[in-house]
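Next come two complexes, and both contain chain A; in the first it sits with chain B, in the second with chain C.
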Partner chain A sequence: MTNIAGAGSAPDEVDGRSVATDTKDGDKPAKFVPGQPDMWAFVLFETLLFTSYWVVYLIFRTQNHELFLQSQADLDLRIGVFNTIVLLSSSWSVARCVQASREGRFRAALTNAFLTIFFGFVFLVSKMFEWIKEIQMGNTFTTNEFFQHYYFLTSIHFLHVLIGFVVMGVVVYQLWSPARRSQQLVETGATYWHTVDFLWVPIFALLYVVR
Partner chain B sequence: MSATFNKRLLVVWLVLSSMTLGYVLIDRSVDEGGTLRASAVVTVSTIVIALIKVRIIFREFMETRHAPVLLRRLTDGWVLLMALCLLGSYFVGMAVR
Partner chain C sequence: MSAATTETVAPRESPSGSPLHRFVWHCRHNPKRELWFAWWAMVTFYNLFVVSFFVLARAQPPPSPAVDAQGAAQWFTDNHYGVLVGMGIIFLVIGLLIAPTNALIAYSMRRMSVSRSFAYSYLAMYALSAIPGMLLLCIVLTVGAMRPDRDPELIYWLYDLAFLSFTGTMGVFLIGSLVWMVAILLDKNRVFPKWFAYLNLANALTEVVVAPAWIFKNHVFGWNGLIAWWIDMVVFGIYTGVFIMLLRKMIEREDFGTGPLPGPLPGPLQELAPSKEHDPSELTRTAP
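Coming up: the complex of A and B.
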């Protein structure tokens, strides 16, 4: 675990990011894995899991095109677009949090961490609003195949966002006190949060836009 | 340098958001009135745009462009795998229905 306070080797900068320069090939900055490698294993595993489910969804969809198209007409693309941009904004703010923390600007890092949590909260409220709207329209989990996939995919993603709050809580806890600050843990938390964001991107495309 | 990097993140967010807004144009482009119509072109372009967005998030937000070659290849490989799985299942599904 790398402690930010009193970091060892002389830093260089790549696009404003401090990177250790103790490399063998002179001018080139050292390559680094953002966060803990274990988190990357988790990211790739989660992506495989979701991709498998998207395959199932697309195969079912092609076998029952008309039903999926009719049901899809009940979804509001504007809410989907809004939710996607909110999550992209949260990814942007957590990337700024990582950068600020790396540069030792911990107040800015904390502000961006809280901004990320705020965007996550907006996403959750918007998602619940959408579910309520669908339920009021009579579209529930048992309505048809399309809505089973819709509720399953959106709720399993919702669960990942909830876990994201715990992860961001750890990031805030780390940043709060100089004694605890670990850049690697901040990057690990950010990697998880970005995963929540990029998994939503295909979910949104497959549920709302594909024909 | 810090300002430059922030500008880069802003540009990345703008590109990703614009691509998301682009879906508004794609959506309904083949529909007739309120009736949604099947379209391979819309489906394929929607999936390709989504995967380009995923790769941008990997490289820029998740910083894999500065990562060791193994992680860069793994994440790029994963995006290709997703493309193969999604487009493959769509076309296989369409062929056997």
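Coming up: the complex of A and C.
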């Protein structure tokens, strides 16, 4: 997965220097974004897409307010909070991974990449635990409108987390060997992971918190 | 389009005279004539698709999945001639237009630095997915329209079959999108910008959400639902428009070589990248 095409990655030491130079020249606005700009296009597009899902949810919520409130009471807020904390922790570790990689500390970067994968895994397990709990309570995909949205939003996000493991696999692969270590690809992967975390926060707010 | 063709191909002798004369000249001498034919076939197909499905047959946006047998029979009565004419157009042109369309997309993957198996997988999957994903609807709606005297219960069954197969079978299309995405991400010949790979992923992810159409008949997840159809169709429309333009750029840049495609990558994102210029030292650094 070495990236030569398009906006190619610069060698690490050059990258390290260019980052340092940019922070020094404060008057010169930074002309680039972390990672591939292409990934930021994806971030914007996915955000728009999820916003449309949230708008649909809110429209149907206003039409059936009582039902949504009653069904929401069946969700365990504690699991939602736990999910959120775990994902925010994974964002923290992936940010540390990028920082360490920028500074050339690849051992620490790898540790943080694995920590991110671990947090992601904890999220998946707790999500499945929550689904099983809901199904045992009799709340399935077909129970009512609220649970249709609940299962839809949580599973489409779950799918994004699964893709996140592939992305983090690419990051680990890049960091593993001195022959690769494309800082651009590491930052691209981190951007994806942050997006998945950030998409969770409104889902959490809409499904668990909004009354 | 013949004007653009003239510019990019840089013919040895510049054709002059009437548009018809120039067109004939390009048909005989333009080295990219097959590619341009495939591109125009693609544009024509998607235009005819909109006319047939949206305007004539009224099969898109899909009618409600919540009707009863009488409602389904009534739909066939209301759209009798539209279905026959619209689907007739599709039957007439599908072979001529779909084959070059898929071939051009497969060609884009053959032009990349990736294994040929990407192009072959894509061709196989798109040839397969068009059957449940489009042709079955055409056949079944035509059957319903040609047999108005049948029991409404049977017509109702055809109605369900047509729209469920059309909306509910995006799985193979989805994998095709992912194959294209991986090919673009691995490609070193700069055939497409990387953001198009990610747009493939976004398109594939919206094709996942049509699956609930098999279970629900409501306004969100049914086959005509806000999430299962409307949002999906908007994304697919954007995706299709984008790949038609990118394939056009690819044909314009094509040099029939095996190395990187000449010319800048399409799209406004390149100037946001840390290094605008491709650094040749990377090739030696990253070469195995």
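Convention: the second predicted complex is superposed on the first by the 181 of 211 C-alpha atoms of A that agree within 3 Å, B and C clash if a C-alpha of one lies under 4 Å from a C-alpha of the other, contacts with A are read in each partner's own complex, and residues count from 1 in each chain.
Basically, a contact is a pair of C-beta atoms (placed from the backbone, for glycine too) under 8 Å apart; a residue touches a chain by one contact, two chains touch by 3 or more.
On a predicted model such as this, the values are computed, not experimentally measured, just so you know.
In the superposition on chain A, A:179 contacts chain C only, with no contact to chain B.
Look at A:131: by the touch rule set out above, it reaches neither chain B nor chain C. With both complexes superposed, B is the one of chain B and chain C in contact with more chain A residues. Contacts of A:96 after superposition on the shared chain: chain B is touched, whereas chain C is not. After overlaying the two complexes on the shared chain, residue contacts for A:54 are found with chain B alone; chain C is out of touch. Shared-chain residue A:159: touches chain C; no touch with chain B. In the superposed pair of complexes, A:39 makes contact with chain C only, with no contact to chain B.
Within the superposed three-chain model, A:121 lies out of touch with both chain B and chain C [touch as defined at top].
Chain A uses residues 15, 31-33, 40, 52 to touch chain B in one structure and chain C in the other.
The touching residues of chain A, counted against chain C in their complex, run 1-2, 4-11, 15, 18, 31-33, 36-42, 45-46, 49, 52-53, 56, 60, 141-142, 145, 148-149, 152, 156, 159-160, 163, 179-180, 182, 184.
Contact residues of chain C toward chain A in the complex are 185-190, 193-195, 197-199, 201-202, 205-206, 208-209, 212, 215-216, 218, 220-221, 226-227, 231, 235, 260, 265, 269-276, 278-279, 281-283, 285-286. By the touch criterion stated above, chain A contacts chain B in their complex at residues 13-17, 19, 29, 31-34, 40, 44, 47-48, 51-52, 54-55, 58-59, 61-63, 65, 69-70, 72-73, 77, 81, 84-85, 88-89, 91-92, 94-96, 98-99, 103, 190-191, 194, 197-198, 201-202, 204-206, 208-211. Residues of chain B that touch chain A in their complex: 1-6, 8-10, 12-13, 16-17, 20-21, 23-24, 26-27, 30-31, 34-39, 42-43, 46-47, 49-51, 53-54, 57-58, 60-64, 66-69, 71, 74-75, 78, 81-82, 85-86, 89-90, 92-94, 97.
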